[in-house]
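Shared between the two complexes below is subunit A, which has subunit B as its partner in the first and subunit C in the second.
Up next is the complex of A and B:
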């Protein structure tokens, strides 16, 4: 008997209705139920994170056994196990876990952002050769004006651009577009919530 | 005649007929209903397939039943029942021959027929065509008369049938078989006739089976008489006889026609004719109510199909096979003596086993089926199965599901298969081949950027002026911090990734520094797994100069899992979300952070003096606004944010709102530099400002000149193509 799908859907709908009710009415009993449900979410999410870590290690251990690029998998498994063990034992404030974080993780991720900066600069320079149209020209001009208004151009601040044009571009034009996006996101969120509450969408039953 | 008793429900059959049905049609049954070998053996031993239809041959065994005889006497009295037969006889002109046939004895008649058969064979060998021509003329009259004469073969064993007609049907009793076998021996010895195989088989003698037939006949006759008495009494009632009378007009001419052929070909016509005659005459008696409802056509068809099986069993090459083929052709075409072939009812077609009756080939000739290899019917082909339900006539047909798949759907299927298979495979990273000029250009761009950024570092000078214009959201942030009372608990959330730590640290350092200067007691938390590490890194590198941080008295609540739900839970009840966080007190003991300052004052989220969210992700920042801000707005607790420059367009609307959902906002490195300008306290944003400005300047130049160069180059190429 397949009860997974209807059971999970019923749990999702029930939980959503209870949490939604707490926004509409202030009843201590319902609030208590909501706190319990949210507490379960915190615990379950933490457990899911651990399960994900175990799954990641398992996948790469299997790759090592199968000989599929074992060097990368070996480095990953060793790094994960060592970092997890040290942080668990010593705590995140200890200098060893802190050193791992400061001298490995932050530089690696930051360097990726640096590469991204170079790549975006190169792509912007070649944009007009690949797509020489009006929208490309508008994009390039907007980009140049925003950059000019963000920081002084070789230690020279351009008054009109930095004080008027750049704020207009980033807060009026970009803000107008962002509001439109946010309204769309809000409507989509409401529609998705209603569909889940009435059972039309069952993302938890798969 | 060929009706199978198994076609009818058993509960509708009379008891005695039911027993006969079981014995005849279900040889697999054992016990009391053991088949009478005598009735089966004659036809087999004679080499003739079972001419008598199932259920009718046993009537000879029931002949001893007195009640049945009485009933049948009245039932088939010539005066009131045999008008139809009488008319047929008159038409055939065979009544005179019947009288002469009565004078013949069984033995002489049998021997004459054997002699006739021998003569016919010789004639066929000498002149086949003339023989075959004569068959059509001789068989009708001769077989018809012999058919009727043969009913007088045995007067003793068929007393109960005496009332049916003047002629008395013979019985395939043991005495009769003995006589037949004896005659065969005599003929063989005296004349040394070259007998066909089926006669040789008889001649080989199976006396034991004859004896067995005797005993079976006696036992079954007694049983039948006991079982059928009551039932037959009912039919003996004159009022009910009308109901039991045959309502189906048998086509006797047709029956006689094929029987004639059998007589001529088989030689031994006495028993066969008698059997058919008795069977035909007794047919009405075995079809009470349940059979009266049958259509005439179905019964006629059944009678037609009977000789098909028997004829086909003959050995190929004998005269019978030729006639059989001829007969089969007639049946196949549905024309015989001007009578159109009747239609087989649907119910009969439905129960007919597949393949068993497909005896007529495309050329109209009969097809010999596979002969039985075991059992009493060994050597006979196209035999009805004993138990149709237990025999697999053909392979079980798997119902075909006609699923129409269009080309579009097939394309979709292939796409889906490709997607699934691609998910299972580990994508191999292929090294892209980049043209050397492009690769060189990339290196040039990267070098220029690095040089522009590193010059201020090596130079050690800060020549670039800090931004003088202050944005209102930054001023609002500064005003909020300045309004906080000393030792106010401030919750700081680290919600950014390590990759953007450079920008976020520069943007937020001035704000946190300002808070610490104001004496706020900071409490740190994060919904990102890397948050606790970033907190420790941040405090150690940027804020360690403050006593509050250096003494490590600040509570770090760490990471709370669950995303938006965790935020809501934390906003609703902070202590229950992170209940167990310990901090070393001045005495070196670990104490729960919720029991010491500043968290011992916190019972709910509104108890914090300010919430500061440092985020590079607009979605995370929006989660704080949507889940936590409603609780804060109840007590006018400010929610402030330091965000990345890329998130500013999406978060700024929450500030530029009424009422403001975000009370203060600092975005990017430029926002941090502005905040330092406002707070009049240099921090890392000022140190980064020169390198940041130089990098942006070089980027602007590269994009500008690169765009112009590429545009001209593209325009030239297009122009050359036009030319």
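Up next is the complex of A and C:
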């Protein structure tokens, strides 16, 4: 048990350094090692997905046993087992798994997207009462002007907003803001990677 | 052929982190700017221990191999810190995610928290849950957890798209505090409007430093600031030189 933690950290750092090296030096032998490592990772990820599915089913079986909204959990477990079994036996290209995906999964997710539109409208309307500050006012004003400029208002285009203000807001101000945020996110991502590579950040090990 | 610009950037970053973490070891001051979300999170953790409610850490749906994996690693760091503080609560923290590899790592994180506190026998794999694989199935799975598991605070720290509005609306309806950050730009706009305390831009990556994850977290935050100013300087110099060359040609 004592060797587990340093070993997993050493594997994480070693693999990370090899993959990083291929971005710095273009040598065929190192690239081949990277491809092999990534192939292993893909297999491990697929196995982890299966473990995740088992976890999902186990959690809901426990819920059925404890009587916590058992009907929803029962439907989930049956659906998961039937879909998994059919796909395993018939293959993902067969019309039955394809039909489950096309006629069940996609419509259900599309309906959630419709709920999302309502949720976002409601949240935007409540923003000023929940967080009344300058940034909320700017957010709501930008949202309204962008909507007015993008979608015709009673089928009438508003000249200044559609032709000048909306493109300026979305392309210049929003574009510049998004790039600024992306620089911050990029730096944060690199910093996280470096902390893992120097062994300073390993939340999953003791 | 060596890629010198990436090598120079990474070397500069590593040197900054190492030097600043050495300086940090000799100083008691963290010199961090105020981010209200983290103060509210600390208060919420203490409150959850007192009133026996649960903290839910949503790590999102990114995998470990994608560029969004860094956001998931931040989610794991925050889960570890939250778990260290709140594991003695009657209802220990619970984590949800949408990827198998992150689920395994989150379960390891929670298990180690329990082992550190000498509570290994109380650990259950149900505390790290795969809520769904696709964005909307993940949101749907997480929503039901918020309603069913006596959650008092939702910490969304990972990679989330616009579907995160469904999770924050579940938090709103169950009258729980929602603190949320993502690396996804449309997701950040949605969280700004829907979360009680949104984490914008790089604020998500500052989580470890603000929750006391160690001097290297604080040092890397200061290193990010230094490199950000260098990048801003280079952008300004590039823009000005572009304007000047345009005017002279």
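As a convention for this text, the second predicted complex is superposed on the first by the 179 of 206 C-alpha atoms of A that agree within 3 Å, B and C clash if a C-alpha of one lies under 4 Å from a C-alpha of the other, contacts with A are read in each partner's own complex, and residues count from 1 in each chain.
FYI, contacts are C-beta pairs under 8 Å (C-beta built on N, C-alpha and C of every residue); 3 or more make two chains touch, one makes a residue touch a chain.
Here the structure is a predicted model, which means the values were calculated and not measured.
Enquirer: Overlay done on subunit A, so just call it for subunit B and subunit C: clash or fit.
Expert: clash
Enquirer: With both complexes superposed on chain A, which partner does A:88 reach: first (subunit B), second (subunit C), both or neither?
Expert: Neither partner.
Enquirer: Which partner does A:45 reach: the first (subunit B), the second (subunit C), both, or neither?
Expert: both
Enquirer: After lining up the shared chain so the two structures overlap, which partner does A:68 touch, if you call subunit B first and subunit C second: first, second, both or neither?
Expert: So A:68 meets both subunit B and subunit C here.
Enquirer: Between subunit B (first) and subunit C (second), which, if any, makes contact with A:112: first, second, both or neither?
Expert: A:112: touches subunit B and subunit C.
Enquirer: Of the partners subunit B and subunit C, which touch A:178 in the superposed model: first, second, both, neither?
Expert: both
Enquirer: Once the shared chain is lined up, is A:34 touching subunit B (first), subunit C (second), both, or neither of them?
Expert: Only subunit B; A:34 stays clear of subunit C.
Enquirer: Mind working out whether A:150 is in touch with subunit B, subunit C, both or neither, as first, second, both or neither?
Expert: Only subunit B is touched by A:150; subunit C is not.
Enquirer: Applying the document's definition of touch, where does A:187 land relative to subunit B and subunit C: first, second, both, or neither?
Expert: Touch partner of A:187: subunit C, not subunit B.
Enquirer: Between subunit B and subunit C, whom does A:11 touch in the aligned arrangement: first, second, both, or neither?
Expert: It touches nothing on subunit B or subunit C.
Enquirer: In the superposed model, identify the part of subunit B that clashes with subunit C, out of 129-137, 219-227 or 417-425.
Expert: Between subunit B and subunit C, the clashing stretch is 417-425.
Enquirer: Which parts of subunit A are touched by subunit B and by subunit C alike?
Expert: Correct list for subunit A: 38, 41-42, 44-45, 48-49, 68, 105, 109, 112-113, 122, 124, 127, 178, 181-182.
Enquirer: Where on subunit A does subunit B make contact in their complex?
Expert: Contacts found on subunit A: 19, 31, 34-35, 38-39, 41-42, 44-46, 48-49, 68, 92-93, 97-98, 101-102, 105-106, 109-110, 112-113, 117-118, 121-122, 124-129, 132, 140, 143-144, 147-148, 150-155, 157, 162-163, 167, 170-171, 174-175, 177-179, 181-182.
Enquirer: For a test of understanding, state which residues of subunit B touch subunit A in their complex under the given definition.
Expert: 426, 441-442, 445-446, 449, 463-465, 467-469, 471, 497-502, 529-530, 532-534, 536-537, 540-541, 552, 556, 558, 560-563, 565-566, 568-569, 572-573, 576-577, 622, 645, 648-650, 652-653, 656, 668, 670, 689-690, 692-697, 699-700, 702-707, 710-711, 713-715
Enquirer: Can you tell me which positions in subunit C touch subunit A when the two form their complex?
Expert: Residues of subunit C touching subunit A: 1-3, 6-7, 10, 13-14, 17-18, 21, 63-65, 67, 70-71, 73-74, 76-77, 79-80, 99-101, 103-106, 108-109, 112, 115-116, 125-126, 128-134, 136-137, 139-141, 144, 148, 162-163, 165-166, 168-169, 172, 183, 185, 188, 190, 192-194, 196, 200-202, 204-206, 208, 213-214, 216-217, 220-221, 223-224, 227-228, 231.
Enquirer: Once bound in the complex, which stretches of subunit A touch subunit C?
Expert: 20, 23-26, 38, 41-42, 44-45, 47-53, 55-56, 58-59, 62, 68-69, 72, 105, 108-109, 112-113, 115-116, 119-120, 122-124, 127, 130, 135, 139, 178, 180-185, 187-196, 198, 200-201, 203-206
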